[in-house]
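Two complexes follow with chain A in common, the first pairing it with chain B and the second with chain C.
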Partner chain A sequence: MSAVDYPVDEDEQTLLERIQDEPGPALKLLAVVVPLFAVEFGAVASLVMSLPWSAVGSALPGFLQGLAGALAGVGDALANLPTLLSRSVIDNSGYQLPSGEWVGTTLGLSPAVAWLLRVLLVYAYGFAWMAVGWWVYLVYRDNYRYADWAPVDDMVNRFRNHSWGLLGLAIIFAFVVLALFAPALGPTTVEANISDPYLHTVEYFDEEAGSVQEIYVGDANRDSQSRGQGGDNVGPLSYDQFGRFHPFGTLPSGKDLFTFMAAGARVSLFIGVLSLLIAGGIAVTFALATAYYKGLVDLGVVIASDSIQSLPQLLFIMLASFVLSGTWLANLYSGGVVLALLFGFTGWPGLWRAVRGPALQVSEREWIDAAKSFGQRPSVTMRKHMLPYVVGYLLIYASLTLGGVIIGVAGLSFLGLGINAPTPEWGRAVSAGQPYVPTQSWHISLIPGIMVVIVVTGFNALGDGIRDAIDPQSDVGTGQQDESAAAGGGA
Partner chain B sequence: MAADANATGVDERRSSARQTQSDDVDAAESADDRLLEVENLRTVFHTERETIRAVDGVSFGIEEGETLGLVGESGSGKSVTARSIMGLVDDPGELLPGSSVRFDGRELTDLTEKGYESVRGSGIAMVFQDPLSTLNPVYTVGNQIEEALSLHRGLSGIDATEKAIELLEDVGIPDAARRVSEYPHEFSGGMRQRAVIAMALACDPDVLVCDEPTTALDVTIQAQILELLSDLQAEHGLSILFITHDMGVIAEVADRVAVMYAGEIVEQAPVVELYENPRHPYTRGLLRSIPSTQQGAERLETIAGEVPTPNKAATDCRFAPRCPEAFDACEEVHPVPVPVEEGAEDHTAACLLYPEDEPRKAAVDRHAAAGDEDSPESAGSTGGDSR
Partner chain C sequence: MSRWSYFARRVLLMIPIVFFGTTITFLVLRMGPMDPAAAVIAGAGDTEAYESVRQSLGLDQPLWLQYVEYLRDLFTLQLGYSWVVNRGRPVWELIGVYAPRTIWLGFWAVMLPLFIGLPLGFYAGLNPNTLSDYLASFGGIVWRAMPNFWLAVILVSVLTQSDQLFGFDWESWLVQTQIVTPPELQRLWVPSNFLAAFKAILPAALVLGSASMGNEMRIGRTAVLETVNENYVETARAKGVPRRTIISKHVFRNALIPLVPIITGEAFLLLGGSVLVETVFSINGLGYLFYSATINADLPLVGSLMFFFILLSVGINILQDLLYTLIDPRVGYGGEGA
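So, the complex of A and B:
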């Protein structure tokens, strides 16, 4: 019997085989993905090179050091490759001659237009990746997937008909692109404008002297402050006297608010995602264990989660971050890591409660008993037979929780805790602009505040959309409409 | 009577298939040489209001190569019995102290979860009622059989796939080499149950517990699966505990039959004996309610009422409210299994009417005494043969 040559059913292999059988669509896909990746390859390389490699290098034994050095050289060279989205492709920094002509900007465009073009380019690039993601799904579904139909198809269809969820997706897409491409999106950079303004200069045309002058950014910032009534003000969509364009206006310190917001988005996203990875990991592990073992294990986790939930989360995080301030942990990523840890370790009970139900449900399914009945180990049973059914629910609540974390971080920064200055964080902008809300410098608080609201709403909408897509019965109110819409779409 | 027609069918089958075993049945009353021995099993479920005694003092044994049919209405505790044997009783359920499940001389009720893992599959494997929900819909059938193979035979990769295909062929799945990489939803109901059986066989078990394996299937498929099971049994020397509510199915597969009612075994006998000569009023009722092809359009009898859900130790006959032959003592004395008559050691019934050849008063006293003797431990055990 064993001598017969049977085809092997390993899933990966059959997928590979199926691609080999019909390489056309896959090659087309590759033909788009490779250039798309190539134009930003330098940026990825520089991200990789920005990790603390020197620490790794010095830990290596001697004979490897040379090799590591050579590798580092290659890495640096790659990191310096030109990229499509670097600031220099469309440069928006320059000065204006009295004739109205702009010098230094790309094609002599005005900084506002140059900046806008760059933003559009970046978003187009981000959108291209999203489209590629959708395309990959379609190609896989139509060309390479073994099954004609899978439950996920219905979920995708339901989500496509869920306008609220799609709105959420659009907002989150905008937010994520803002965070990922923050250095390219700002009219200036964090280093030049916010953290080291006295190490950078700008050129401007001094009308009194009648010539082009160079000035430290720090000094220039002092003349572009927004301080409401009686003070200077650089509002949204305006230039300051040094020919710098400020899409969102400036902070009371004269720094560019848009650059601040873009960098702050990165910090918020980092904290949100890291804390969710922690909280989600704990929540899923506990949910699987409690659903599998029930009884005492369940009781233990219930007690642990109740005790954590009985703490006022924000107050506790404030205390803890105060206690931890000054330690090495608090200096990682300007305090972002410690916040992520705190939000993660205090946030898992909520997620655990949310996925415990689905985990219990799947633990009652007969294939779990079947797995037990042929002696499968608990860890494998949980991972293989329960986890796939819990992940979707985790996604829903992760999305809803992320909004909460972003508000929390902003709130802490508003109070002067959380992210250390000068690393940008949205909450600090809200706080800085607080005295000027009723003045012409209203933008300082209002723009970040509104953005927090929009992003949090976006995460909630996305979570709603995913929930209705996964489980159409879950929401009676809107679920009904969605269901009929989904039925139409799925047919 | 309808039972006669069935009994003939039973005779034919038995004479062809397992003549040797039926000879052994009489001799094998001592508990020691049975492969699986369940004694005084009590499985209870604690709820907020009460404690449900789902299985209340069940005892039986299965010899090597034998099929024991466990039959009863839904809610009689058959499935809980199966789960108790497999060690799959979860909170809030528990086995009461004094319960014993011995497999191959090894006491299973004392085992830790870890210890049980070594018995499950390779010792005792289980086939569940609904093949669709027994297979995980997100993995291929082959993947799930290979999962069992890697656990019990250490096979992986191509070896495992080849073995999985071989097993699928053994259980009669055509074109197994292709179907091994299909998903459960691409299989028909009967094919799925065959795949589930292949999964159980992958563990190379000694005992197969089949919990209503044909209930979810239509009649022709049902017959094929039953045939498959008896072929596999002959081939692998399996012992089978076959659980069903269907007296017709039991007639076709079992060597011996235990009838369960409200958590207790009320009658136990070799299959022919049970069908030809049912003694317990409940068994008689069950047999009268089987549709019979030979007898034409005669009206079927049903047993009025439902199986009660016992929540305290029995002090009466649990069947009394539905029993057509109930008399005064039935309300006061809990019957224990006794031989139905002098010398019929392999045919026991838990009913105050037996032993039939004793005066009524003496029989009732005997039940009452057995109940008092070391209650509640002895109540409901197959005291007739072991005590």
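So, the complex of A and C:
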């Protein structure tokens, strides 16, 4: 940080110094954040320990390996700490005796109630973090920020009064919690119910034998199938004959649909966020560069982006994922990484088109001219003086694009492409339930579809809200970008 | 810059775009990890067949020469032959068979939203903040968020069971048609043939156009709301021009301008989206042909089809610019409009 770049910074305190001057509010905040984090610390630790550390460890030189081994031991111990939101805190797996009493579940509650309590607890925890996030912003704004007022404050205030946008935010937050806490939310787990049903067992009370029996989950699934008219059916909010509760019913294979959906939400969110990071990164870099340099650079990016857009996105992704199907890349995260890369590299032109206008606008301002004549490096000018203006617009289209990517991925897996079975993906559930829509097993196709509609509507609403918050007078919304962003290549 | 030289510049820009788009396809097909010849003979394990496929695809030549020949063939519109899906048939012939169905589907998928979504949007815009406005707007938002393939699945099931569900049989209504078959497109000028073809495509077109319908409604509503408050509308009203004339002459006409890029943009999206709708409704169109060519590893056919799609999309872009040039003389053609 040279003095040339920041001549006014010399008398400015750093954030840390400002907190040291007035530690009260920050300490209060800390007093809430630490316990909130501590109850889930074990989950974070086990997430850290689930990374492939052994590969790192063996690459270390000899004298460090002992140290690494000790660290790994500590890490494993931490990972095994009990956490608030683990499945065992409120256990919903058990069996029912003929007397109606439930054995094995927490406090002898029925599995439905136990599951519901756990869901409520997880969501309460999630929304507590959201409230803390809002509080952090308030504390920072009122106590520690250098400026009394920033344009962001007005945007936040406008967004707070935008009920449609807030609804969108709530839906998206609920979706993100579903994805993040998928293993704790499902009535059972993906491993036990979907991927390795013959490595797990379930206990139930057999009326004929008059005793408690143990059965493989795979065998139990065969008796809890949903196969429409005349066949078996386990609908939403019902029990199968093994005392297992299915909030969304079961798939035609007898697997639990809610567990499938929660895990599928994780896959969708992962692909959406990763592809957006790629597309957004490229789009912003290009938008800033083209707005700053204009001329030939601009023309070059126009041609590059138009060339990519001339390929029908969904068909191109279909082709590219087929061509890449035999490679190591296609096995990462069951094919999710490939899809994210493809959606990212084919999606940036849309985002770039959307932020190009605002970037050009800001590049015409006097302060950019001033920064140039001042001798500031172009990269610094772009980052400090242009980027903040562009980021808001990027958020609008990012929100719309995420909805589009979710639809696109679901469409591809509906066709049996993209995510490899048995990794859950929403589109595959729609496809599995296709023959049963008009029958009593309607839930298999309808519930995933309705979830997609709700989530995508949420992303669209959030985008609308951000747009109105950033620029209430603008009509940038009535454009082509919007709709192609939200359409997911027409899936 | 005059309007027409702007238009000419846009058309010129399309040349490098076709070129680069084709190059990307070449990179994926020939330099990607998959050997097109091996994909074609898939599993046969016959080295002789493999060599002959390699030779006729020109894979034994150096890469740069392959690239030159690939471009030369496509730019002279020699699209080659299908290798797996329909062995030995020229790609042009396949396009001739499959394209009319997609065009018929796409045409109605553009027209239906125009005739349903737009009037609804205009109506909502003329009666803002009423119950019907809210209903229409909310419906549009939800309609827009529905995945096409899901909507198609639901619609197919509902229509095939319409007798049990509503006591009304869709298949025999007006004319006898089937739901999951390609439409008959022979002799469309005969009214009964036209009606049958229209009825056969109607569900699929409604699904494919669903996103557009929601969009056009939303945008039509905003456009009307904005135009109604313009000064020239106020002036006309002050002069005592009847409301009906104001709406038809001053409001609607200007509200249509922002819709041009929307409609052409949709036409392009339909191309990609048609693959799912065509699969669910078993309409053997271009999207379905591309899909089956891909999963059957008919890479030469895939490459040619992709080139055809690039040409189509560039054509749609030129059409959009042409419409813009004709309709709206006010569009700025300054330096930034590239």
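As a convention for this text, the second predicted complex is superposed on the first by the 460 of 491 C-alpha atoms of A that agree within 3 Å, B and C clash if a C-alpha of one lies under 4 Å from a C-alpha of the other, contacts with A are read in each partner's own complex, and residues count from 1 in each chain.
Operating definition for what follows: contacts are C-beta pairs under 8 Å (C-beta built on N, C-alpha and C of every residue); 3 or more make two chains touch, one makes a residue touch a chain.
This one's a predicted model, so the numbers in the text were calculated from it and none came from an experiment.
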item: Chain B versus chain C as contact partner of A:Gly427, first or second or both or neither; value: second
item: Contacts of A:Ser163 with chain B and chain C, given as first, second, both or neither; value: neither
item: Contacts of A:Tyr146 with chain B and chain C, given as first, second, both or neither; value: first
item: Touching partner for A:Asn331 - first (chain B), second (chain C), both, neither; value: neither
item: Which superposed partner A:Pro438 touches (first chain B, second chain C, both, neither); value: second
item: First, second, both or neither for A:Leu315, with chain B first and chain C second; value: second
item: First (chain B), second (chain C), both or neither touched by A:Ile303; value: second
item: Broader residue contact with chain A after superposition on the shared chain, chain B or chain C; value: C
item: First, second, both or neither for A:Gln241, with chain B first and chain C second; value: neither
item: Touching both chain C and chain B, counted on chain A across the two superposed complexes; value: 294
item: Residue numbers on chain C that touch chain A, as the complex places them; value: 13, 16-21, 23-25, 28-29, 32-34, 141-142, 144-151, 153-154, 157-158, 160-161, 164-165, 208, 211-212, 215, 219, 222-223, 226, 258, 261-262, 265-266, 268-276, 279, 287, 290-291, 294-295, 297, 302, 306, 309-310, 313-314, 317, 335-336, 338
item: Chain B-facing residues of chain A, complex; value: 1-2, 4, 6-11, 14, 146-147, 294-295, 365-367, 369-378, 380, 384-385, 388
item: Touching residues (chain side chain B, partner chain A) in the complex; value: 83, 86, 88, 90-91, 113, 117-122, 125-126, 128-130, 133-136, 138-140, 142-143, 147-148, 151-152, 157-159, 161-163, 165-166, 177-178, 180-181, 183, 186, 196, 199-200, 202-203
item: Chain C contact footprint on chain A (complex, rising order); value: 294, 298-299, 302-304, 306-316, 318-320, 322-327, 360, 403, 407, 410-411, 414-415, 417, 427, 430, 434, 437-438, 445-446, 448-449, 452-454, 456-457, 460-461, 475, 477-480, 482-484, 486-491
